[in-house]
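Below, chain A partners chain B and then partners chain C, in two separate complexes.
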Partner chain A sequence: MLHSLRTSLTWLHTWSGLLLGSILFAVFWMGTLSVFDREIDRWMMPETRHVLPSHDISMDAISESVAAIVPVETSRWQFTMPSAREPIVRVYYQDEEEFHRIHLDPDTLKVVEGRDTLGATGFIFPFHYSLMLRWNMLGYWIVGLAAMAMLVLLVSGVIIHKKIFLDFFTFRSRNKLSRSSLDLHNLTGVLGLPFHFLITLSGLIIFISIYLPGVMDRTYRGDATEFSSEAFGNYIQVPAGEAGGELVSLDSLRQRAEAKWGGSKVYFTRIWNPNDANATVEMRRNREDAVPLNLDLIAFDGDSGNIYSIHKSGPVMTAQRWIAGFHFIQFDHWTLRWIYFVLGLFGCILIGSGFVIWIETRRKQHELEGKISSRIVEGLAVASITGVIIATLAFFVANRLLPAGAGLMHIGRAELEVWIFFIVWAGTAIHAGLRNKTNLLAWIEQCRGIVCLSLLAVILNWLTTGDHLLTSLSQGFWAIVGMDIMLLLGAMTSLFVTHKLSQGMTNRASAQVKTDITPTPGSLGTEARA
Partner chain B sequence: MITLASFMIAFAGFTFIALTQNKPRKILCGGAGQGQSQKRWYRLIATTLLLLSLILIISNEGWSFGSIMWGTLITIAAMTVSMGLTFFTAPFRKLVRVTKL
Partner chain C sequence: MTLSKPAKKPKGRAAISTAIAPVEYAQRLLLAIILGYFFTVEVSGLADLLLTSTLARSEAAALSAMIAFLLYTFVILWAFADRSLLRLWIVIPGGGLLCYGLSRFLAMDGVV
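Moving on to the complex of A and B:
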């Protein structure tokens, strides 16, 4: 019977957490890694490890280099200027078949050859919001549902917490697992509440046009073009006309754009119909110097240099972009970046400890009653928590091990890395199902897997690139230093957890033996009664 | 530097809050009792310190970055107090004793 608000909310908290906890953990884990997506990219794409040049790079020189590479018939190409987090020129162009990405050395502006990979910006980040399920936007909807559940979980968690103020700082780490997990769950849930609530809410607000399409439909009477023009600055493209037009100097356009934006830099440039009299040059404003993820753009006529379209967000979109900027953290602020990373990990601990509480509070009773539900949930928890971490590490290891031309049937190298992620993840789920018959064994073995794969990733980075920790330090490759140190710290933490879990398993086994040999009352007559 | 100062002030603020609660007070002061008026004073000091850390960080980072910074930094500060109470009890106790709280 659900006879009080607290009981009802406890039920809601327990079951929504149980049903969506796995997805929430994966989303939080990938989101936490996405805070350093460009740094992970540098680790996964060794050819892009450069030091940002101190001089200004000419856009005309970039344009010349790109024009020599891309096919003449391309409908568009685009590039991002080098930055501290991405010290190379990233170029995309489209041919008849697909979109291609290439990197230019910031000093020579020559193409740097590397192994094909999606990296963190191409896999970890999109997985965070779409689970890579693009069919009918299914992944977006699942993540949206999980995010709504997270908001419910956070609010209901505060209401059902019996001693929210008395236990504000309480963490009884030496008590039994169910108690220490509950303390950790409460601690990360209550202290991290402002961040976790706002980061989840902002995630939902970012995809407002997906989750609440009706609002846009009604406001703009179904005119999606008008909405995207007003909200995002999308403009109607001039169709290709006469071939062979000459592009106006990009540097002069950059100067004009930067003057209009009060000195704020251009970070992105796109050329539509590049070899045509109707070429358009689109320039977008830098997003590193402020919180809002601005959508400011200026589109110039590529032939005359006249302004064709200009966009600056209105008040509502400015607010939405501030919220998006808070979530996407594209601004240049290293202290905040690290704080986000730590708080993201708190989120993972919050979700993981929730699973552990459910299992630990029911394990004994379920064993006595012969129920298998706690075993099933434990298997799910192992695959969702340690499993996704192992799969991510396998993704990194595969990146270092697969040769440049690797492929399988029609799967290219970059897709192969992603396949390895999913296959390993499925493997951890099978392992968790098979090995959780003995208490904690599946956890222990997968934690060992994390230790091995983390160390392997660091060693492989050294062997395949020559950049060990000291070399990266001396060359000032801070992204690589950070990644290697985080992998080593992850290995150490996992080793510590393995040790603690092994101790716990031994204690439980000896307690079980004691229970088995302790006579039940009545079986030994007077002795037992005494 | 200002960020670190703001963090330390927030940490001090949360330590004052912890000292108004039974369990942390027992850990840090060995169960020395506390009157209602002292509790009120500690809460007032804690609020002042947390506001001071907000003002400091806003003045340094501006409203946009400052508000995010403070909102996230206080979580880390409160968590540090909790971890201090759990894993670094002796030095934390010494700190409280030295500052005569």
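Moving on to the complex of A and C:
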């Protein structure tokens, strides 16, 4: 039987971190990038680098321009009004096969022609919660499991910690790798603890109806749409099947909606069955001015403009939307946005250093015993930490390199970018497996890869768009400035890490010669328990 | 299943090795992840049913589902923290079944 609370929870902490750490890192990494998804979109879609027009944009004009593109029999189309972070009209429409995304120039309302890409809002953000595995919601469940592991890791990490306050002020950067990574693990873990706990919990709470269908079933008997209409106010009118008249003026509907919401703007509009007698116009209230992702929604009859339904969330759902809003950070607050970004990176460091501790505390022992498990874990760690970063950078580079009409067999340009992401990621895993026979070599080489790809991305952005750092600065394209500076900072950090690791490798090689096979006492037992 | 006395307290690496009691860890994992999920859903489901007497059903479902994540976290940790496997085997599957039965009874009885 187990001996104490601490040993038992240490076992749980070690194994859940080891088994789900890779997924957790990917989720945290992509989530951290999603904090700036609109900004990355501007970088990846240079055609949309606009300045937000100061005048009001007519929704009827948008409708007119979209009507020319959207097929008559479409079941719905929807658009988001331009905002400071996304200064174009983002339109989605459904045709017989799929959901299409297009952008309208905010000044001319003409379609912005550009290279087809999913960008951060279409790839990085959905990867964060679904891993792009849509089959049977498999990706959502894997992320959910990893999120539960994160909650368990955070709580067990606190319980097994002996001197949480003292360790918080300890960082022995010049000490052994196992020591300094333990300190780093403790530092980022404790400093980010409230944020990491709440961001994980809120991430789970966003998907209550996915993760807990059993609870919903109790009162809804398997009717999930019923729950979403009652809780979220989703309003669906069944199409009549006969042609309807002219769509009512969207601008007039907007005025009425904004009057109802005390002047708060409409940010999202969806038109259901636009050419049907039962056409419905759905308008949603702006979410930039407050934390909750409010559920204020008005559904109008598309022909007469009569109000079908007005939704306002109940107290529990308002709380749920506050929690979701805390996670989604759609409110306008740049200081907090950066704090989210930094704390997200802390999460990545926390998970990464956890791996390093596992490997370093066992490495010598395993070498003596001829075990390969620490080698395997090291390969896994390399592929899931530096590997996913390299794959993301390859995604950015591919975005700048692939020509407009690129495609391969049935794969379109946007999908090709995603394929490159996954192929490069798999490549880093193979590389890690082959090269980690020599200590730290796989880490070093992949860190070099990060340096090269980051610099390449910045240079390619300059070459393909003409926007180098100085022009973006002078034109006030803060999204592009931020992205370029972050890439450069990433390259510098990686260069520093490469340097440090190379030093470490030389030290280890010389230490190996000196001590040969004598294990150092204390390097094994005590630290493994931390 | 009952608590056996540890002969000697192992130190360091040995303490976190699964080699000591793989069967026991397997039981705890089963109790924590799968049966723990069942327990969580049944307890929250019952809470959902009971809450509908005072709240709208969408509100009751959302409230009990939100709390379920904290409950699940607690159950997973508890499945590893409690020395007594017997207690875990009684409370987690037993409690889940009890709540399931109560929900069925309440629904059948038309109380809620």
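Basically, the second predicted complex is superposed on the first by the 503 of 530 C-alpha atoms of A that agree within 3 Å, B and C clash if a C-alpha of one lies under 4 Å from a C-alpha of the other, contacts with A are read in each partner's own complex, and residues count from 1 in each chain.
One rule holds for everything that comes next: a contact is a pair of C-beta atoms (placed from the backbone, for glycine too) under 8 Å apart; a residue touches a chain by one contact, two chains touch by 3 or more.
Fair warning: this is a prediction, and the values are worked out from it, not measured in the lab.
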item: Fit-or-clash call for chain B and chain C when the two complexes are aligned on chain A; value: fit
item: Chain B versus chain C as contact partner of A:Val291, first or second or both or neither; value: first
item: Touching partner for A:Gly263 - first (chain B), second (chain C), both, neither; value: neither
item: Contacts of A:Trp322 with chain B and chain C, given as first, second, both or neither; value: first
item: Touched chain A residues, chain B compared with chain C; value: C
item: Contacts of A:Gly244 with chain B and chain C, given as first, second, both or neither; value: neither
item: Contacts of A:Phe195 with chain B and chain C, given as first, second, both or neither; value: first
item: Partner chain(s) touched by A:Val342 [first = chain B, second = chain C, both, neither]; value: first
item: Where the C-alpha centre of chain A sits as vertex, the angle toward chain B and chain C in the overlay (nearest 10 degrees); value: 80
item: First, second, both or neither for A:His333, with chain B first and chain C second; value: first
item: Partner chain(s) touched by A:Leu187 [first = chain B, second = chain C, both, neither]; value: first
item: Minimum distance between Cα atoms of chain B and chain C in the superposition (Å); value: 19
item: Contact residues common to both interfaces of chain A (with chain B and with chain C); value: none
item: Of all residues in chain A, those that touch chain B in their complex; value: 165-173, 187, 191-192, 194-195, 198, 290-292, 322, 326, 331, 333, 335-336, 339-340, 342-343, 346
item: Partner chain A, residues of chain B touching it in the complex; value: 3, 14, 17-18, 21-24, 64-65, 68-69, 71-73, 75-76, 78-79, 81-83, 85-87
item: Of chain A, residues touching chain C in the complex; value: 1-3, 5, 7-12, 14, 148, 151-152, 155-156, 159, 201, 204-205, 208-209, 211-212, 214-220, 227, 230-231, 314-317, 319-320, 323, 361-362, 365, 524-526, 528-529
item: Residues of chain C touching chain A in the complex; value: 3-6, 9-13, 15-16, 18, 21, 24-25, 41-42, 44-46, 48-49, 52, 55-66, 68-70, 72-73, 76-77, 80-81, 83, 85, 103
